[in-house]
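My questions all concern the structure below.
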Amino acid sequence: MPDLLTLAMGGLTNGAVYAALGLALVIIFRATRVVNFAQPALALVCAYLAFTVNRATGGYWLGLLVALVAGAVLGALTERLLIRPLRSRGNELAPVIVTLGLLLVLQAVCGMIWSAEPRSFPYAFDFRGAFSPASVFVVVTVVVVAGAVLLLFGATPLGLRLRAAALRPDVAGLLGVRVGLMLTIGWVLAAVVGALAGVLAAPPFLSPTVLDTVFVYALTAAVIGGLDNPVGTILGGFVLGVALSFVSGLLGPELVTLAALAVLVLVLSLRPHGLFGSSVARRV
Amino acid sequence: MRILALGVVAVLLAGCGGAGESGDSAAGVRNETAGVTDTSVLIGTHQPLTGPAAPGYATISKGAQAVYSYVNDGGGIHGRKIDYRVEDDGYNPTRTVEVVKKLVLQDKVFALVGGLGTPTHSKVVDFLTAEGVPDVLVSSGALAWDDPQGSPMTFGFQVDYTREAKILGTHIAEAMPGRKVGVLHQNDDVGRDGMAGLDRVIKDAIVSRQPYDPANADVLPQLTALRQSGAEVVVCECVPAFTALAILTAARLGYKPQFVVSSIGADVTTLTGLLADFGKRAGAEVSVPALLSGMVGAGYLPDVDSDDPWTTLFKEIHAKYIPDVALTDTVVFGMAQAYTFAQALKEAGRDLTRSKLLAAFESGKLEGPGMTPFAFSGESHAGYTGAYVFTVDSEVRTNVVREPMVTDRGDGPVTPAPSSRKTPAEVALVG
Amino acid sequence: MLTVTGLVTAYGPVPAVDGVDLDAAGGVVTAVLGANGAGKTTLLRTISGLVAPEAGRVVFDGEDITGWPPDRVVRRGLAHVPEHGGVIAELTVAENLRLGGLWRPKADQRRSHGEVLDLFPPLAGRLPRQASTLSGGERQMLAIGRALMSEPKALALDEPSLGLAPTVTAAILTTLRELRLTALLVEQNARGALAVAAHGYVLAQGRVVASADADTLLADDQLRHAYLGF
Amino acid sequence: MPALVRHLLWALLALVLVVALSLVIDPFTNVRLASVGYYLLAVAGLTVLTGLTGQVSLGHGAFLFLGAYTVGLLVIHAPALPIWVDLLAAAAVSGIAGALTGAAAARLHGPYLAGATLALAVGLPAVTQRFPELLGGSNGLGFTVSSLPPGLVGVVPTTRWQAWVVWATALLALVVLANLTTGPLGRQMRAVRDDEVSAALAGVRVGRTKVLAFLISAVCGGLAGGLQAFLLGTAAPGSFTPALSLALLAAVVLGGTGSLWGALWGAVALVYLQAGAEEFAHGFDLPTDVANFLPQAVYGVVLIVVVLVLPNGVHGVLRKFSRRRKESTV
């Protein structure tokens, strides 16, 4: 009998990271109806910055802080310089390609600066044990951050503005909401959450492609959960993490990607907008 | 115009014969002196400089280039400078075929040296054979390179995974008798060929075989299964990153097996670099010595820590040409490979041709930086024939526990390697 | 209160608003009438900053607001209730209301909130419900109430009667007059609009073709037949 | 002139041009020429799906994967079959897969479809790991396709012949594609893209049109994969990463979405942008890490700039240019 508890705990930790990166995708999708394919690269840059700060200071927390700040700056720049010019275009494909281009550029820049060699990236706490402090930190952080994001959206004036700007930018403007600023804030918020996900996902080894698979599973989680539903996405991330850990342990690691595909096909054939997504088709 | 019309008609009537039936084209060297001038020789290679295999392998060509620069600064081989062209294939077989075709058809390289990877290089062997281009010192321990009849242009370099696993298996059988053995292996020929070697020696002791997928960095499920199988010894047929992941994951599970690592994943310098940060940081008192000490590994090139004369030479070259790159086993790999090739060029003589280069390899006169002899002869194109076994001590230094051994890839015995090998001074490549 | 001079707005090569001059006096309703496609909605959208004009000026409360972004215009005191109300269906009624005056001090928001609920009692009972559950009339009340949350100096309304039953329309328009706000009312329902308006403009193909007191316009049969269709 | 005849004449002219070009260029440039040919087909198929029907697929590499493995398996296990039968089989296999994918995807919109197809591109190649005996595991399949008619051996160099076969097949498929997309089916596709509800009200069978678009583009993808296998003699999972799928989509946009001419420019960019950037990187004495990653960075920058500056891709620019010239001559 395989050690299901250990598999579940390992899966939960992976799932937390999928959930966090998925949440970043959802925030941006809700704000601008764009799936941000550059998300893993933005997070990667932040993780590498954290790595550099860690190396210089020998600590963990300053690096994390730098990563979060860098995430905010990168998110704002991306929205202002690359996404905003496309807003009036009404072309679904343009932002996809622009964010893909950004993904390539940022990954390449990371490779140029930090090389393709894997760099060891520390855990926040001791990583040993089935319920290691490091794993608990990852899971708790993600749950707390997700809760904070939900609270921000649901119960604060800023959250109301963000939602209004995302849902009906024209109307929101007429109500005194600075729509452009809200979209930027949405990207900033998402990039900060993404940077956190990057730092949490980086250990033990950081390399330019390390977040690619994390991103694929994060997107899978978001699609399963419903791209405009943060709660669904977070649940989707955790469930996917545990499920894939079981698949790897019980059936074989080569089946993990196929299993993710199977779950996705199953869910989408039953519910084309994910388990918790709203089926209100909104043409933008 | 006639040939144009002929072409159009031929295309439209495309193909009468079967696509898979290849006519028996007489394989043999063609364009004897392609890439050769009086003052230079152009060689090429395909390497994963980007993409999934770049971590760990992107520095091989840096080491090789350093040796070629050293040779060229010493006047070259028979007055010829070696022009080394590295093409990035991203570990993508399609691109491998494209860049190798470019090297052969457009750049017209004299030889392909050290093309890296089994999935990649296996796709160009037939092409190189058909084009009559020497394809030497392939950077992979697969068995396929040793096929003098089918692929007369191709020569291996590193010890193949099966030979090496036989030697490691022998060490386990003798040094750890009666212990239960688990295997963590990459789910490709690295793992399959390695397990074939283990099975020749310690099949009955193996209690669990866990594959890992290089695209999936989470090996917790695999280590969990190994722990549950009761394996006291874990043989790692892995690349360095996954050796490190396995060691860390075992520590995470509180699982303390005896790790036995094949040469491709036992680069202690690289492992130390990867694991260094877990000692210093954030409360986790997991020092590199605690993680690595006791690890058993295999090697076939001189150890970076040793005072072997070859190591001394490589350190000099490293310090002069690539001081910014950490001197790992991977870099030494590239250096040894380049040195071996330069040696073959010298052996081939002043009037360089492709046939003479192949003859130089088959002459059996190449004795290189490696700790065991090459198998090169008319009958065998296999590279190094064996390996030594080392352990890592509590100061993360390597200690040889089993002097170089040689064996074959079949059921032959494991025997001590001949103790004599040439020193750099005896080879006297330049100057 | 609101003065528009020489306003030109174009989507592509054809101007939708073509040199409009208009003056909305303070404290009364000014109606803008015209057939479908006459340029009424574009005129409002230009005034409130949703589209940028090619030429002309918009002066509101003594300040030139031409080309201001919509959020700045509403903060200056000119609220715009768009066609169909622009209620955000995914938000609750309470959230929709709150959105109207979020930038104002908390106390002011609370006061306006009470006033709006007093004005439109049906909303009070439906605060926690999704706006999508409201009837057409309730949505229009919500839209106007939401605009009032900003305590505007002037209100621009785009077809508040569209799709509503005549009694509901009448109730809404009456409320509007009772508020004694400066209002610019765009309507196809000319009779209803002129009943509450002090002054009326008639637009056709982007130009002002008539401007007169509401009573005069109501009495001008020729004009009514030509442009207003009743 | 009926569209079919016109398209056939264009294709014949193009083939003559390709053959003429192949005679004057060196063997390796012939390989590149052939690569442009199969990429052209893949990108053209994707532009029908994404450009005409509006379904964004991030997993088109999966169909190339199927085509390449079909040809590889047939060459190895049924060596007596001529290459055109292998290619037809590749088209059929990925066509079936495309119809299945299309049926599953018909209800999906925008990002949901994108996510599902991306998962397809990531997941499908893993099948090779499950059946290593048949599909070669991560090493994949290696083989040599010999198709040179006996009469031409020694007369026509292999690479030139390969370029001819690739382009002949690709152009034939493009004729079919052009005919389909300029006819009623093309109008239905555009109607579905612009507004599904109105299309349905106008009598277009939306679901059927979407599935058909997937089928057509999968057939093109499968053929392209088959041609790649024919040309390069390899079918391995490492060649069909999500990066390939994303590069194909990028090529669609680079060339100009929805246009078969755009597909040509996209294919040229796919082959030559990478090569050009590598030459560029080789040409300077850059630090190794910078040189290694320069081609990727250049590709990314080109994508961003094209989308921001040339919304209609290269073809859009050329069309504008030619229109302006026509106007100025009138």
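List of remarks:
We call the chains A, B, C and D, going by the order they appear; numbering starts again at 1 in every chain.
Operating definition for what follows: a contact is a pair of C-beta atoms (placed from the backbone, for glycine too) under 8 Å apart; a residue touches a chain by one contact, two chains touch by 3 or more.
Just so it is clear, the model here is predicted, and its values are computed rather than measured.
Touch-path distance (fewest steps) from subunit A to subunit C is 1. Compared on C-beta pairs in contact, B-D and A-B come out with B-D as the pair having more. Averaging C-alpha coordinates per chain and comparing to subunit C, the farthest chain turns out to be B.
Note: centroid distance subunit A to subunit B, computed from Cα atoms, is 38 Å.
In this assembly, the C-alpha centroid of subunit B lies 77 Å from the C-alpha centroid of subunit C. Spacing of subunit A relative to subunit D, judged by their CA centroids, is 31 angstrom. Multi-chain contact residues of subunit A (touching two or more other chains): 111, 115-116, 213, 254, 256-257.
Of all residues in subunit D, those that touch two or more other chains are 126, 129, 292-293, 296.
Contacting chain pairs (ordered by label): A-B, A-C, A-D, B-D. Residues 2-3, 6-7, 10, 14, 54, 58-60, 111, 115-118, 120-130, 132-134, 204-205, 207, 209-210, 213, 245, 248-250, 252-254, 256-257 of subunit A touch subunit B in their complex. Those residues of subunit B whose C-beta lies close enough to touch subunit D in the complex are 3-4, 7-8, 10-23, 49-50, 52, 54, 58, 62, 87-88, 91-98, 101-102, 104-106, 118-120, 122-123, 125-127, 130, 187-189, 213-214. Per the touch definition, subunit C reaches subunit A in the complex via residues 48-50, 69-71, 74-75, 79-82, 86, 88, 90-91, 95, 98-103, 146, 150. Interface residues of subunit A facing subunit D in the complex, by the touch rule stated above, are 29, 35, 37, 82, 85-86, 89, 91-94, 96-98, 100-109, 111-113, 115-116, 208, 212-213, 216, 219-220, 222-223, 227, 254-258, 260-262, 264-265, 268-269, 272-274, 277, 281.
In the complex of the two chains, the subunit B residues touching subunit A come out as 49-52, 54-56, 58-59, 187, 211-213, 215-222, 224-225, 227-228, 241, 244-245, 248, 251-254, 273-278, 280-286.
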